[in-house]
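The same subunit A turns up in both complexes below, where it pairs with subunit B and then with subunit C.
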Partner chain A sequence: MTERHDNAVNNLKEIVDSIYNHMRLGEIPTMELSTRSKKNIEFDPKKSVWTYGDMKTQRTAKTVTGATMMLRTACTVQFIEDMIKSNKSSTLREMYYISEGWGHGKFNSQDESNLLAEDLEIMSGCMREDFKLRPEEDGARVMGDFTLTEMTKKGERRKINCLEDVGESGYGVPYNVEKENVQFQGGNAKFIVAVETGGMFDRLVENGFCEEHNALLVHLKGQPARSTRRFIKRLNSEMGMPTVVFTDGDPWSFRIYASIAYGAIKTAHISDYLATPTAQFVGITASDILNYDLPTDSLSDKDIGALNSELSDPRFRDEFWISEIQAMLDMKKKSEQQALAKYGLDFVTDTYLPEKLTNMGIL
Partner chain B sequence: MTERHDNAVNNLKEIVDSIYNHMRLGEIPTMELSTRSKKNIEFDPKKSVWTYGDMKTQRTAKTVTGATMMLRTACTVQFIEDMIKSNKSSTLREMYYISEGWGHGKFNSQDESNLLAEDLEIMSGCMREDFKLRPEEDGARVMGDFTLTEMTKKGERRKINCLEDVGESGYGVPYNVEKENVQFQGGNAKFIVAVETGGMFDRLVENGFCEEHNALLVHLKGQPARSTRRFIKRLNSEMGMPTVVFTDGDPWSFRIYASIAYGAIKTAHISDYLATPTAQFVGITASDILNYDLPTDSLSDKDIGALNSELSDPRFRDEFWISEIQAMLDMKKKSEQQALAKYGLDFVTDTYLPEKLTNMGIL
Partner chain C sequence: MGSDEKKRMAVPTANILASKQKEISITEFFEKNKQILGFDSKSKSLLMGVKEAVDNALDACEEADILPDVFVRVERLEDDEYRMVIEDNGPGIVKKMMPNVFGRLLYGSRFHALRQSRGQQGIGISATIMFGNISTGKPARVQSKIEGEDSVAWGMDIVIDTKTNRPIVTNEEPFTWEGKGSGTRIEYYTKGRYITGKQSIFEYLKNTAIVNPHAKITFVDPDNKTFVFERATDTMPEKSKEIKPHPEGLEIGELQKMTQSTQQKTVRAFLINDFSRVTARIADEILKETGIKPDRKPSGLSRDDCRDIIKAIGNVKIMAPQTDCLSPIGDTLIKKGLMHVLDGMRPEYYAPPVTRAPKAVNGNPFTVEVGIVYGGDIPAEGQVTILRFANRVPLLYQAGACAITKAVSDVDWRRYGLEQRGGKGVPFGPAIILVHVASTKVFFTSEGKEAIADLPEITEEIGLALKLCGRNLKSHLRKRERREHTRAKFEIVQVILPELAKKTAEFLSKPVPDLDLTISKIMNVVWIEPGVDAKKKLRKITYSVFNYTRSERSFRIHAQLPKEAVNLTLFSDSHFVEMNDEGKVAWDVKDLAPAAHTTISFELTGDMADVFSPDDVYISGINPVIVMGADPLPGDWGIKGIEVTEIDSEEEPVEEEEEEEETQEVLEDD
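Right after this comes the complex of A and B.
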């Protein structure tokens, strides 16, 4: 049991203690936590990430729902403590199923148990990873001349160069990317290109983009897992590697960028830990669709709704994003990064990325 | 350009030649290929896999659609030849976008280009991989005491033990798992457990199932990629490793098993190459749901439809499957493999798998 986990157990116990003490004094237990919505995120100029503001949500055992939440909280804390003591970890899905045995504390859906896990993070100031709770999603793949060490199951540190020591599929980012597991050594790779789709990741690898431009490619697999965002954050802050994000050109991809650069709304309490404020968006932008005359699809109603809600999202409140979002709403079109293949398999590495990265001062 | 690719180009050219010759002789070009539907798959007793029967589908340039198909075929063959000659590969998605430049030969949707790629396999007797066409999906993760060698990007063979030389996320199966890229050496692992979900894969790894029972775990990531099925097939036939499939208990998971053991309907022309006829289904079965009193969800109408269509699927026409499918229809319930966590994190490795694998004669 490491210090991190030790500390997590203590902080969780305090939460349960306070419930217990309320009851011992004959008071109705209450819990308070930050309101987790778009309305309650604020820019933290010191850390230059978006975090929760002062709006609080009260939970009280006055209602059956509230009381049930307290019971679940207690059961969950117990489960986490047992898990840490027996040196296990579990997926959020497993915790949901294990709650089957908690009587009235049972969760009705996994959304409830996922949310509680995040609530416990906010109340305890610890990380879900400190609780030994894992998501199902696996992390990203990484390719480029960069050496790191990772603990093997045998408990030995293994040195891996993410270009020379890996097969075609690259280095797989584990769910625990903290120093105890992953340590950085460095290499020729000088900047990070975070790529949304596997197809484009493989394209950049095959075209030798890593070698030619000393780039470290990180595959995001759509909305990036926490471990992926944390991995990028650590590379950026510890190794000083500039970071660009390369996604499809649609509202959902804009959110992928935002979750990397600004922090996600759901996890704003740990933006500081996950977000890479200096990450820049390389594309696909609405302007790219026009400038490069890319194949497009029409925006669906859901796309349009997402773009409009981004216009009211404080994270997107800057000139660049307002104009790009507006431009996309005006043309009513979206496009994919692989649409660049319209000009052949080399266009993205011979023309598009060099042009854009030069303008951004990365190349 | 390897012999495989060389051969692919020649066979593809023959297809285009025959179109050309038809036209030269003033005939209307036609193409013929196996009908790719449930009605046209037959059991091949020699290879004991399901392949296409004698039903043929005619394509003729008499209609505009037919003529367009011929044009697309010619453009696609040209594209594949250029790609192979310039030693590139591309994703199916990229090929779809590249067709933007093919005028009337342009594909209207990626389904069309994917289907044509499979049609070309049937007509040429080659593999999509020989055409250097890749899917987006990445392959599985593998964990267990088994050593293989893989070509690194540097063109050197790297030896990887899938237990000792890998991090938490295991060995990532590349899209090309042929001998030229991946070669097997062996190890203590004696049988294969193909696992549907990442959460269960991680559970078996954390509980030390590989070491305790000399198992090689392969993560299927839902419906397994071709590379994953081919990887399992090669392990099974070359290394003589018995294979069991461990999935959720629902109709879609039954199809995952069928695609591994019997061959998928879409790719029945290469079942021989992808399918592992001796693979056994370990669960979750309808009987498991009853015997272990697992948490369940109700079957949706789509689930019920899928189960009924499986009853009319020749691949499921044996006692075991008919009774399991019927039992699931009767109880109107499905369950997930992680539902075993109801009995704690160790139940699956201490009780469930040992019990079932012993009954199956694997342990």
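Right after this comes the complex of A and C.
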């Protein structure tokens, strides 16, 4: 058991102890944790990321939901302790299935088990990874001239160059990207381009964008997994690599950018660990749609709702985003990254990205 | 055409008309007035026949104090021809009278009696037989047997001579009716169309069974499928008495007729003896006001005199009509009947039926009864079903024109837990509403007697009864909601918390904590949970009583049980205190310690066992706010005869803090 795991077990024990003591003293068990909604997101100027504010949600055993959550908490903590003791790990999905045997503490959906894992992080101040719980989703693909070492199953550090030593699909980011597993060495790649869609990632690879501009491409696969965000964060802060985010031009893509740059609302308790505050948004912006006269789709009702919701999201409360969101609402249009192909397959690498990146001072 | 010509033509035209008039027979009259008599459509003709015969059978049985056993068979022959059989176990008809009862229109004693009966609602069984004669050319076969040493039954074929309105009898013969004490059987052929659905014979018989729980009705349909509506109770409805007319609302023509036919020698005696509720003092008052001499002969009264008398009646205070001429079904039997017939739908709730005190309209006493059935498998989508009854006879046609439908539509059902667009119209939801109007004379919209006339007095009474019953429904729905709430808490303290205590203790290697104090803080109520274990005719009822408060509690529990259904188990329960002659029972719970619980149990057996609803339980001697599962004892509990209890201002017991909503609005970005 490492010190980190030791610490995690102790902190989790305290949570259970508190529930137990309430009952021993004849009180109604309660738990308090930060309210996890956009109303309770505050900017932390020291770390330049968004974290939870002071609003607290109380969970009480007076309600069925509250009481059930506490029972689940106790069961989950027990499960985590057992895993750590026996040096095993499990996916969140496996935990969801294991909970079948927890009587009334069983999870009714995987969402519930995911949420509870995050609750435990918030209450214990530890990380899910410390609990030996790993997410189901695999991490991103990486391509570019950059060398790192990764611990193999046999306990050896293997050196990997993310351009030379990998196939077409690139280097796959593991779920544990901490130093004990992944260490950076460096290479010709000077900056990171985080790309939302696989199609665009492959286009940039095929067009030789990495080599030509010394870029490290990271495929986000939609909403980036925690390990992907942590990976980018470490590259950015440890290797000083500037980071840009290149997504579709729609409200959901804006949120992808926000989760990388500002921190996600659900994981605001570990924003300083996951977020890359200096990451910049390349596009597609609403202005790109106009300036490059891109093919568009109409905004759906859901899209409009998402944009409006972003207007009341404190993370988007700056001049750039308010004007971008407003512009998109006004034109009622959205566009995809691959719409740039309107001007040919090379347009994105020959014209669009060089233009935008030069303006941003990256190239 | 000039006026001279007209005069010239007048005589021959009259002659021609006169000759034609001779030819207008009863057949023709019947043919022309089919819709008035209810034979206007083929499907309705079949129903009308069954209705006449069944109504007669039930009336006759009631009169003779016999529990009715009615058999109906509809057999499809060829084309639209049907053979209909209706048999009862009534008192039977003496042979001499059979031809007249079945073979003569408008023959009978009921037309002159002022009392509640079913049979006043149709043209009579003879019309059915005549319609059969006319449409198929075949006679009706009638058989009847009366009780007595002379155990011979008589059968005969009857055809109605439409010219003379006289029966033609053939094949008259005595026979031995094996296994029959007494009764009547009619078999006739008729044209018609057999339908299923809302206006079907099946529906008619089913609804008849609901309001006549003392009757057993067997029905064999054209597909030879047999349906039996078993008898739900052996209690006969109370017999209604004949009364003299009440002077209120009397019409002048009727009064004039009475002055001619009366046996009384003087006007004063006429008023006192031929009317109900007219005392010597009232008669004198009336006569004084009109200036008519008390000793005048009634037959000598002029039309003006009669008008004066009617005017005077309006100015004199006369007691409301007596009500023993009415035979309401009563709340218990309405519930019983509904349960018996509708239990296949497993309704969740039978609202205690409401029987209103009798009122009078136009001198005719009437009363209104309402029952509501809710939930279970009753379809929730669509409008509620309204079952309409007049003098225990189902009304299947012309719902839209009926005072009952109007009264239902006028109630704002949203207040009573049903959906209704704009608070008007027939409500929506999983409910069946039964309305029964009983009267010595039911006022119908037309001769077809299919819809009750919208007289303000009647519609208003129906409305009041509906609202009272609706309140019962609402209170049930509120109770249910509260109970669901409580059940959630019960799950916390009974299941989740003990698991939590065990789990945490195990994890921390510490002793399992005692939860009593925590539990009492979460609940802070005395909890009464009813349980039912039903086996056929035996229902075991238990009340589990938990004290989830922090003090010792003593209180009394009350419920009204069907007296005839209790057995010794009631009295042997240690909590039992007393039962009065209304079946109101009290149990005492003494010094119930915090976290302790106790159980009250008893059995109900027999016919009336299922009438009791275990949720109808009350408490006294404790602050009702800390009790869940029972209502405070109504203030009129001890007062006999008042059945309607309203507890509208129920306080929500104990605090209910809902968990702060843990909605994560923007969680989608991870």
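Observations
One rule holds for everything that comes next: the second predicted complex is superposed on the first by the 363 of 363 C-alpha atoms of A that agree within 3 Å, B and C clash if a C-alpha of one lies under 4 Å from a C-alpha of the other, contacts with A are read in each partner's own complex, and residues count from 1 in each chain.
The criterion applied here is as follows: a residue touches a chain if its C-beta (ideal position, glycine included) is under 8 Å from a C-beta of that chain, and two chains touch if they have at least 3 such contacts.
Since the model is a prediction, treat every value here as computed from it, not as a measurement.
Looking at the shared chain after the overlay, A:I265 reaches subunit C, while subunit B stays out of its contact range. In the superposition on chain A, A:Q338 contacts subunit B only, with no contact to subunit C.
Residue contacts after overlaying the shared chain place A:H104 against subunit C, while subunit B stays out of touching range.
Contacts of A:N7 after superposition on the shared chain: neither subunit B nor subunit C is touched. When the two complexes are overlaid on their common chain A, residue A:N188 makes contact with neither subunit B nor subunit C.
With both structures placed on the common chain, the touch criterion links A:A74 to subunit C but leaves subunit B unconnected.
When both complexes are aligned on chain A by C-alpha atoms, no subunit A residue touches subunit B in the first and subunit C in the second.
Across the complex, subunit A meets subunit C through its residues 13, 16-17, 19-20, 22-24, 26-29, 35-38, 57-68, 70-71, 74-75, 77-78, 81, 103-105, 223, 252, 255-256, 258-259, 264-267, 309, 313. Across the interface of their complex, subunit A is touched by residues 488-489, 491-492, 495-497, 499-501, 503-508, 510, 513-518, 521-522, 657-660, 662-670 of subunit C. Within the complex formed with subunit A, the subunit B residues making contact are 83, 88-91, 93-94, 97-98, 100-101, 134, 136-139, 141, 150-154, 158, 160, 163-176, 181, 197-199, 202-203, 205-206, 295, 336, 338-342, 344-345.
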